[in-house]
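Below are two complexes that have subunit A in common, paired first with subunit B and then with subunit C.
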Partner chain A sequence: MEFVKNFPFFSIMLCMFCAIICSVLNRHAAKHFTRIVLLIVMVLSGVLLINTYNSGESFVYYMGHFPAPWGNEIRGGCLEAVFALFVSTVAFLSVVAGGKAIEFDIEDKKENLFFILVCLMTSSLLAMCYTNDLFTGYVFIEINTISGCGLIMVRQLGKTTVTAVRYMVISLLGSGLFLIGVTLLYTLTGHLLMSNIQESVSELLQSGDYRMQLTIVIGLMTVGLAIKSGLFPFHLWIPDAYGQSNVVSSSLLSGTVSKGYIFLLIKIYMRTIGMEAIEKSGVLYVCFYLGIIAMVLGSVLALHERSFRRMIAFSSIAQIGYIFMGIGLGTKAAIAAAIFHIFAHGLTKSLLFISSSEFTEGSHSKSIDDLKGLGYKYRYSALCYSIGAFSIVGFPLLAGFISKLLLGGAALGHGPLQWIALLALAVSTILNAVYFLRTVVYLYIPTEHIDRDNEETVKVTNTNANGKTDKLLLLPGMHCPSYVIGISVLVLLNFLLGLCSGPVTDIINKGLEVFR
Partner chain B sequence: MKSGNTKTQNKTELIPGKTAKRLQSVYRIAAAVMIVLLFVLLVTAMVGLPEIGDKNNPDNNEVARRYIENGLEETGAVNIVSGMILDYRAFDTFGESCVLFVATICVTIMLRIDGRGGDEDDEEHETGKKAFGIRESAFAKFDSRNYEPQNDTILKKSAMLVIPLILVFGIYVVLNGHLSPGGGFSGGAILGTGFILYLSAFGFEKTERFMNAKTVKIVTLVALLVYCLSKCYSFFTGANHLESGIPLGTPGAILSSGLILVLNICVGAVVACTMYSFYALVRRGRI
Partner chain C sequence: MWNLVREHLNDIVAAALFVIGFGDLLFQKNMIKKIIGLNIMDTAIYLLLASQGYIEGRKAPIVVDGVKDVSAYINPIPSGLVLTGIVVSVSVTALLLSLTIRMYKKYHSLDLDYCLMMARREG
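Right after this comes the complex of A and B.
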């Protein structure tokens, strides 16, 4: 067997190993170790991507000495590799760019615990992405959920604990429904391995037995994962979770964690149950309409929100809606567009959250009105934030434009659905433009006296988790090279996705071909 | 379902006064209706399922057959369940131990007190203190053991009698995980209760002689590392079709079944330390 096929296993285990080691390291060592490991995982995923792209085939990898239905198995292909590359890139850049924010928000002695959570979260996302077994998927969903709670809670304010508990309860409801779905599916098919389930399901479809149970299984799994990724009626945990936690946690939660569940859902639809059964069950319509409602409603709620970080969080609800709309359309082009949107949104949202950290003073939530004139004080962050905002609105040259173009193109030819989809895209884009460009305009309002007032308040409120006033954050420009580098790379990647979308869509399409 | 409840909380922030109350009751009713619907749906799904124990059930297939027929031969474990979770499907179980690990980390983040000061004026920290209630009290005051009778003779004498038995039984369950019912998780839990009983009877000072933050840290680290590395080795050799070179031994002997014994010991150590540290964290905010 080629050595490169070991890479999925290496990347999962490396993250786990790093998490275990981090428990005895001090905060600086843990920080550097985590960064190095995430970088290695990034490189491994990149090499795997090139390799699978060239070969155009997928492969399975035994986790142990026993072949698949008996032992565990993971599967690597083009799509998995590109998703792993995306996850590790976002995680790496968030941790690098948010270094100062982490130091500011988290107690010194608990900082290594934060890095353990980051490592475990990354490894569970990688495992969810590579797994070929439903139960393994469930186990790593659990790790992901609990580390998500920890990531919210690690900035220790009373309200983050409340938020984390709420997130945990809602998320556990989601995993509970998913688990019931898995058990029912096991009773119907007798398998946990994805490819074997697909065979048995197609047999069941032909014989016509257990039609209702199959529909319920599909419904339970969809609802379970939709709750966890924050689709419209289940979105109520999002604003608090993303708005109050540390910026790095917000960027990881919105950029990667919720996307991991969506990737698993796509995997279940296409590889476990099969699109035929999914289309028969009618669940795609549910995804489509809920996505449409989320697109509009998320934007409306964001428009009404006065707190800056919560506004960015509300926009995530709308963006999750875009992705589910793409899945709901059900064609290959639409799913490819949805996956592209996952990448575009993940990179843009991390950029927005992390670049906003400077003018919200670490993670203090701040009203939009207070942003006036800050663009002149924090020039670089404001510039990067503006680019992110333009990208999410859908400006040409940037990632958001391409993903909207792809989604719109995929919607064409769907009869009445296409008009609904295009109308919702248009409305949502206009609303997006209104609330994001409003913040950009506020940033660049020239106001000298307000600026001086701000200086005063900054000095009073700027006490970090250790009770010390952090001098570095008071200086304009956040004098920290890793912040500048991380955020610049995120901006670059945004441009890259916008300008060279051809290769990326090519990779996604090639991956979807073998994604059976 | 859940959406009903959370909506209520959010709406109260947005809409003041009577409308909020009316909405609350609407959402409560909606939540109840949803729960009943889900209940009915699940029960209907259950009724139509294949009967339990039927020979022709889909889950009575080659997967289960191989576990039962070849399990002993292939894993060397008399306890088939141990063979399944620690050899056939070891990756899942490794994930499961990581769930335990990440849960410990979260509890530590929440409960461990590292001391902070100088943020009395900060409004957000103030709310934080209120939520935790005790956080602002001094370090020593926080030890809840100081508030209960110290020299309970009955407890001490009976603890002396019971604890050795509990510990020996725990070790037995861990070591015989591949031979009889039990294993790392259950044995570790028994060991953990032994330590907790010792702590309740004799206090932190005496317990710290053998069980303190440092021991917990080192034991957890070593156990998890051994687990991680040995599993990495067996996954790597398995996937690349190499010989692992680990002898399975004679089934039924205590030193048999390859790595399962080692893994059980690791899991047992981790679980025992986790149980103890949860208790200690709740009692005084540090291990």
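Right after this comes the complex of A and C.
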């Protein structure tokens, strides 16, 4: 266990050094190196998860063995480990599955720069997840913003530049608010370490001083992080940012980057300021209602959207709303459900974005109307996309179903709030079903363009549905082994989260117990 | 009233600067003005931080001749935070400026709304 405590530090540093080394590698070396490093980080996080789960405790790691006021601290526990595992898994699978898409969108000589950004993003997310120091959290938020901006920019078109500028401006507004929140909190408590701040805040609560100032601090931090994660009404940058960048960037941005900010927010709520003060400040109601509005509005906007990728991006707004609704309910069960939804949505969204790449590239069109019949041309992608769509709508057996079940269950017993939450869940699910199943139906509409040969192969693959992946490798398009393996693992993980949700919720609950 | 203002002059100025900078970053259309707003906003935070760490009549904690008592020095942590913050804001400003150059080369305008409109028209 003593040695395992080094793992958070190792994973952050490995990603950082990998980013530095990638700058001098050629594109193939950078690609393989990044994959290996992300895989190592996955293994490290997995080992850490097993260890912290078995011991049931969290630990504090002093950087450079300097204790608290002088050195910087890292804190590891069950929840941090499982979040790190999630981040590294999504990053690894996106990079593996999107290999062709990266080659397609980026100039050969600049491809290693993309991997620098991926490594920087992963390392900053891991640091945000593990850090025990609020100011370190801020610094890594900025690093994350910069790498996120780079990820949007990698596809060098005029519109991605404008989108990146807008993303940057909005993110900087958010981090400005967060920084002033940290500053004011420092002046109130005199600490930057999360555990020390919590002690001071509980003293402040008992004495009843600075109630107003504390509320302002909580509000500033919440708004800052909500802007960065794209909660309604700060969602305007999302559709362009996710809809126009490279698919791997979109999958990373929506699957992990926005989730990292939410994880930091949960960390601030539960570990830095403490739920007691948060509940008294009333900010949870704001989270709850904004989440509810985002759930419905995101779905309505997605329903009206004609561009395929932008539609998936709009659905992200709704899903962020689900997570904030869970946080807004404020109970332990609700926050556990919100964290489960972070995992479920991250895995599903990466699957959707990456499997959608083939349709948009294959049909040379972004419109939903041009999806018609593509399910017969790109069979495996269409199958995986459909599973992802079913998962996000909330079909049983899949991850999305469990997270909606958990959110609904957590909403019960909240008085009038429960009706609002359940109604919004129902409305949003129906809208989700309408716009996602519409694309699935479009994919499988038979069109007259399909020639006879194709139709025969369709019949053959329909009859023996099992061993067809081998055959599909030979299909034209962007199919390649790493793509098939990547999205297959994403599909598997979706099923795994749906079928074996027990252990995952168990890990989350156990992590939340020591998360204070 | 006047005493209160004088006591908290730094905080008031910092708050005013923050609001000005934030408004600039949010509402200005011109990218250069936006970036200036960003820097004003960051400066406001540094002013607030530095003034929190400052204690009247004390010096920066740099040992010149022999170790003095702790009471001779100001709180160095906020100054350290300001330095870190400056590094962050410089890098972010550099990135934004380079993005602006790229946007200007493409659309020949610094107006973000105009560029957004042109980008939408591209499809």
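By our rule, the second predicted complex is superposed on the first by the 481 of 516 C-alpha atoms of A that agree within 3 Å, B and C clash if a C-alpha of one lies under 4 Å from a C-alpha of the other, contacts with A are read in each partner's own complex, and residues count from 1 in each chain.
Here, contacts are C-beta pairs under 8 Å (C-beta built on N, C-alpha and C of every residue); 3 or more make two chains touch, one makes a residue touch a chain.
In this text the structure is predicted, and so the values were computed from the model without any measurement.
*Asks:* Looking at A:419, would you say it contacts subunit B, subunit C, both, or neither? Reply first, second, both or neither.
*Replies:* neither
*Asks:* Which one hits more subunit A residues, subunit B or subunit C?
*Replies:* B
*Asks:* So in the superposed three-chain picture, is A:139 touching just subunit B, just subunit C, both, or none of them (first/second/both/neither)?
*Replies:* In the superposed model, A:139 contacts both subunit B and subunit C.
*Asks:* Give one of first, second, both or neither to describe whether A:200 is in contact with subunit B, with subunit C, with both, or with none.
*Replies:* So A:200 only meets subunit B here.
*Asks:* Would you sort A:179 into first (subunit B), second (subunit C), both or neither based on which partner it touches?
*Replies:* A:179 sits against subunit C, while subunit B stays out of touch.
*Asks:* Return first, second, both or neither, reflecting whether A:149 touches subunit B, subunit C, both chains, or no partner chain.
*Replies:* both
*Asks:* Examine A:169 and indicate which partner it touches, taking first as subunit B and second as subunit C; both and neither are also allowed.
*Replies:* Touch status of A:169: both partners.
*Asks:* Is A:285 touching anything from subunit B or subunit C once the two structures are fitted on A? First, second, both or neither.
*Replies:* neither
*Asks:* Identify the residues of subunit A that lie in both the subunit B contact region and the subunit C contact region.
*Replies:* Comparing the two interfaces on subunit A, one with subunit B and one with subunit C, the shared residues are 135, 139, 142, 146, 149, 153, 158-159, 161-162, 166, 169, 173, 180, 186-187.
*Asks:* Where on subunit B does subunit A make contact in their complex?
*Replies:* So the residues of subunit B touching subunit A come out as 1-3, 6-7, 9-10, 41-42, 44-45, 48-50, 57-63, 66-67, 74, 87-92, 94-96, 98-99, 101-103, 105-106, 108-110, 112, 114, 116-119, 121-122, 124-125, 127-132, 217-218, 220-221, 224-225, 228, 232, 234-241, 244.
*Asks:* Over in the complex, which subunit A residues touch subunit C? Could you list them?
*Replies:* Contact set of subunit A toward subunit C: 135, 139, 142, 145-146, 149, 153, 158-159, 161-166, 168-169, 172-173, 176-177, 179-180, 183, 186-187, 192.
*Asks:* With touch defined as at the start, can you tell me which subunit C residues reach subunit A in the complex?
*Replies:* Residue positions touching the partner: 18, 21-22, 25-26, 31, 34, 38, 41-42, 44-45, 48-49, 52, 77-78, 81, 84-85, 88, 91-92, 95-96, 99-100, 102-103, 106-107, 112, 115-116, 118-120, 122.
*Asks:* In the complex of these two chains, what residues of subunit A are touching subunit B?
*Replies:* Contacts found on subunit A: 1, 5-6, 9, 13, 16-17, 19-21, 23-24, 61-66, 69-72, 107-110, 113, 116-117, 120, 123-124, 127, 133, 135-136, 139-140, 142-143, 146-147, 149-150, 153-154, 156-159, 161-162, 166, 169-170, 173, 180, 184, 186-191, 200, 210, 212-213, 216-217, 227, 233-234, 236-237, 364, 460-461, 463, 465-468.
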